[in-house]
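Following this line, the structures themselves.
Paired with subunit B in one complex and with subunit C in the other, subunit A is shared by the two complexes that follow.
What follows is the complex of A and B.
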């Protein structure tokens, strides 16, 4: 075994490939997908700061606003509530939602409320636009587990890792590699590592930026309290899970790009399997990447509100496994998948006409 | 006559009438599409649910067992807007799958093979080309959506009588308008994707992914920015809101009907702009 030569070849392939993956025109959509949550957290930071400023302004201009707000209770008519707010000089907006729902929206300096009136009577008093760090942490957990892991990183890995072999077949450039005096397995691992470098760089940077923007919206005291508590642990966990997701999904989609002629079938099947993970029995949950990734997430995300009520009854829970086992499990699965793909890559023949 | 003396002259035979010229495209497309057994099988399978619905309508209208026992028919056993909304949801989902199967083949091969100049060198405009391609989907999707929907309404009307039909005419309007807007949206999205992505596989994935990613994005916009307006980019929610509004059913999508219509119009305009940019009578020689 000429490990020195293999290492040099690996390095050469990674150097060739990672720039190609990072700066390819075809990959622009991966950046959009990765950095969109960061953009949203940036907008949220601006929104939270505006709410804080509005609350401060209100506490000066209408100091008794909270007391008036507390007097608005269920059953009160819309006209009476509006009059009470007007008398206390609390600005409000009144509008209708749907055919039967009337809404009065106002801010009492401490909280913002939506008063929901049905047939003229107050039926619900909802707090809205809370500028609390705890809410943002929960929103981040939901975004990370439902969007970032399941869609952004998933599709990003589909785009990047499937392209490593399948893309070169379509561009009719794979034969240059296959004609070079390099073992097929080394080529495959080299391409995998370059894909891994690119995805970890893209998605890891985005995760860090999202967390920074989320925290930047809040006061220094709140942030330092959070970081002194469990904050740094959360940040490390989110960054680690991002990298592990790239490792897990990357190996699967690289293998799919090598083995299958139409890798989209594999992508759709895996997406379906990962999507129904909530409803799978505890035993079957363990045969998915998302189960291990969710076990490593520091905050439990609330159940997706889009799931219809009858389906929520079918959701099953499995005890999350410990972090070392989850990490070991993901690496083992990735190595096993790559080993399986290496059998195919050794026999890989290309016929550009047919592909 | 010597061969060199032959020269090309303009075509002097009969022309297809200009108004129906766009139908030439579906005619040739269907010839190719119906060679696929899978597609034909899928189309047939799409009609099983409407058949089941007809059976259900017949049963609900002929429940004599309750009357014979002197007890009123249970409230949930009735044919109303909710029943037709379920029907539309189910058939709409099938239409979506069918679009993902057929859509990528519509424009991508023409672009990949630089075939557009051969279309546009004939008396055939870009608009006719796009309408022709859309009509491939429109006709097929109609067969599994509003056509059986109308049939169901007809069966119910024949069972429940004239009074029911008069009182529930809005259901008929809802079926027609709801399904036609859905077909239009699916067709525009699929031809736009097909025009922008040359690889059929990727175009198919995009057609499938645009709904999933749109829904995911809508969810995170709503949860991060504590708003409901994110749902305006979730195509499934947009359509569900429009359909529910047509049937007078309240929804919890967080969208008003007019907001859903704005979202619908925005998606259509974006798709049309994408098509306008890509469908040009030119050939790229590298």
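What follows is the complex of A and C.
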């Protein structure tokens, strides 16, 4: 085995490929997918800061707001509640929803509330998003597992890894690689590594940015308490899971790009397989990527009670396994997929020119 | 000649589903310039692609100087292939394109770049080397592909329609480059539609039609094998009319045409060796013969005799 030569060739392939992969015009939508959550958390950071500013203003303009708010209890009439708020100089908005429901919305400096009045009497006092870090951590867990892993990284890897071979076939430029004195397996691994460099850079940067934006909205004390506790562990886990998602999905879509002609059929089939992971018997669960990734996520993703039962089943996390087994399992699946793809890459033919 | 010095096709066939690419090809190609000639769809590119491992034979075996085409690591140390696919990896300049191929040979970056410049010099593209390939003219793209295929000094150079898009000056320089490669003992396998160029550059030809090899060998040797077509010979002499009447006395002379300037004639004979003996006799009889030249031992004639109108060339 000429390992020195292979190492040089791998390095050459990665050097040639990674920039091409990273800066491809064809891959702009991958950036959009990757950085959409960062945009959302940026907007959330702005919202949280606004709420915080409002709360600070309230603590000055209405120092007894909390006490007044506590006195608003079920059965109280809308007019009485409004008068109490007015007397305490707490700004509020009053509106109707439908024909019978009246709502008073206010912020007492610590929390935001929606008071729901039916037939003029208070029937429900709902605490709205309080802009707490703990809420954002749970929201992030949901976004990360239901959107970022299952859709953004998934389709990002479709776009990047499938194009490594299939895209070059469409561009009629793959033969340049096949005309080099490089073993096909070495070529495949080189392209896979360049895809990994690109995806880990894109999605890892986005994960880091999302976490930064999520934390940046909160007070220094909240953030330092979180980091002193499990915060750094969460950050490392999210970054690690992001990288492992690229490893797992990357291997699958590289193989799909070599074996299948239509990337959309491959992506849809794999998305379906990953989607039904919850229903699969224990043995089959191990042949998916999401199973291992979800086991490694540091926070259990919340499920909204409004989600219909069938959909809830699809997005529910399977029983997690330990981190070392999950990492080992994911690498085993990825290596098995690449080994399978190497059989095809050895037989790969260039036939895009007419004789 | 040993296997390590020749390219050997043994009973090679390739089918694309139901469609025939090439069928039952048996060839032994020695070093030198070998031209593949045939109409579109005759199997030229299929042969080249199989030789280079881009396509696998459905049946049979191929050996390129003792190396199987499914061993790219060994094959492309000794082989360069200039394909006719006019596409390039996106964003590359000429020098990057050639250097990239050398880097994948495992060469250190500095050595790869030095070799790339040398190859680019050989194809006279130094001035444009730092420009993006996407902005090149067709001829320049052809030359940069050629530079990439010769950059590692291959012993086997496979060139699919390499003269397409080149202007006359560059064509002659490129042909000289092929000759230089052949003279150092390399195999230069060329496919071309331009028959007079094939004639000019080839040491041997392989004629293909409908996926079959219809003839192979040195051009004159191939012509000599074609017995069902009379040989055409041009003679310049002082008494063309007398010579014509003397020639018609022999059965193997089937046609004689006197040249309009009345200084020569075109003869068609079915027996070339008898004909040459006859000319000696006529010369002794007092007819002054200035020159004798075959008129149909070129690729054009071979193509016409063996492939006919199928090629449309």
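Going forward, the second predicted complex is superposed on the first by the 317 of 355 C-alpha atoms of A that agree within 3 Å, B and C clash if a C-alpha of one lies under 4 Å from a C-alpha of the other, contacts with A are read in each partner's own complex, and residues count from 1 in each chain.
Keep this in mind: a residue touches a chain if its C-beta (ideal position, glycine included) is under 8 Å from a C-beta of that chain, and two chains touch if they have at least 3 such contacts.
Here the structure is a predicted model, which is why all the values come from computation and not from measurement.
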When subunit B and subunit C are modelled together on subunit A, clash or fit: fit
Field: First, second, both or neither for A:349, with subunit B first and subunit C second
entry: second
- request: Determine, under the contact definition given at the top, whether A:171 touches first (subunit B), second (subunit C), both, or neither.
  value: second
Task: Scan A:16 for contacts with subunit B and subunit C and give back first, second, both or neither.
output: second
Which of subunit B and subunit C A:285 touches, first, second, both or neither: neither
- request: Name the contact category of A:234: first (subunit B only), second (subunit C only), both, or neither.
  value: neither
Message: For A:218, using the defined touch cut-off, is the partner it touches subunit B, subunit C, both, or neither? Pick first, second, both or neither.
response: neither
- line: Across the superposed arrangement, the tightest C-alpha approach of subunit B to subunit C, in Å, is 10
Subunit C-contacting residues of subunit A that also contact subunit B: none
Field: Interfacial residue positions of subunit A with respect to subunit C in the complex
entry: 2, 5, 8-9, 12-13, 15-16, 20, 24, 168, 171-173, 175-184, 346-347, 349-355
Residue ranges of subunit B in contact with subunit A within the complex: 199, 201-202, 204-205, 208-209, 212-213, 215-217, 219-221, 223-226, 250, 256
- prompt: For the complex, which residues does subunit A have touching subunit B?
  reply: 33, 36-37, 40-41, 43-44, 47, 97-100, 128-130, 135, 139-140, 142-143, 146-147, 150-151, 155, 158, 170, 262-264, 267-268, 271, 304-306
- request: Flag every residue of subunit C that touches subunit A in the complex, lowest number first.
  value: 16, 21, 40-46, 49, 52-56, 70, 72-77, 80-81, 83-85, 87-91, 100-101, 103-106, 148
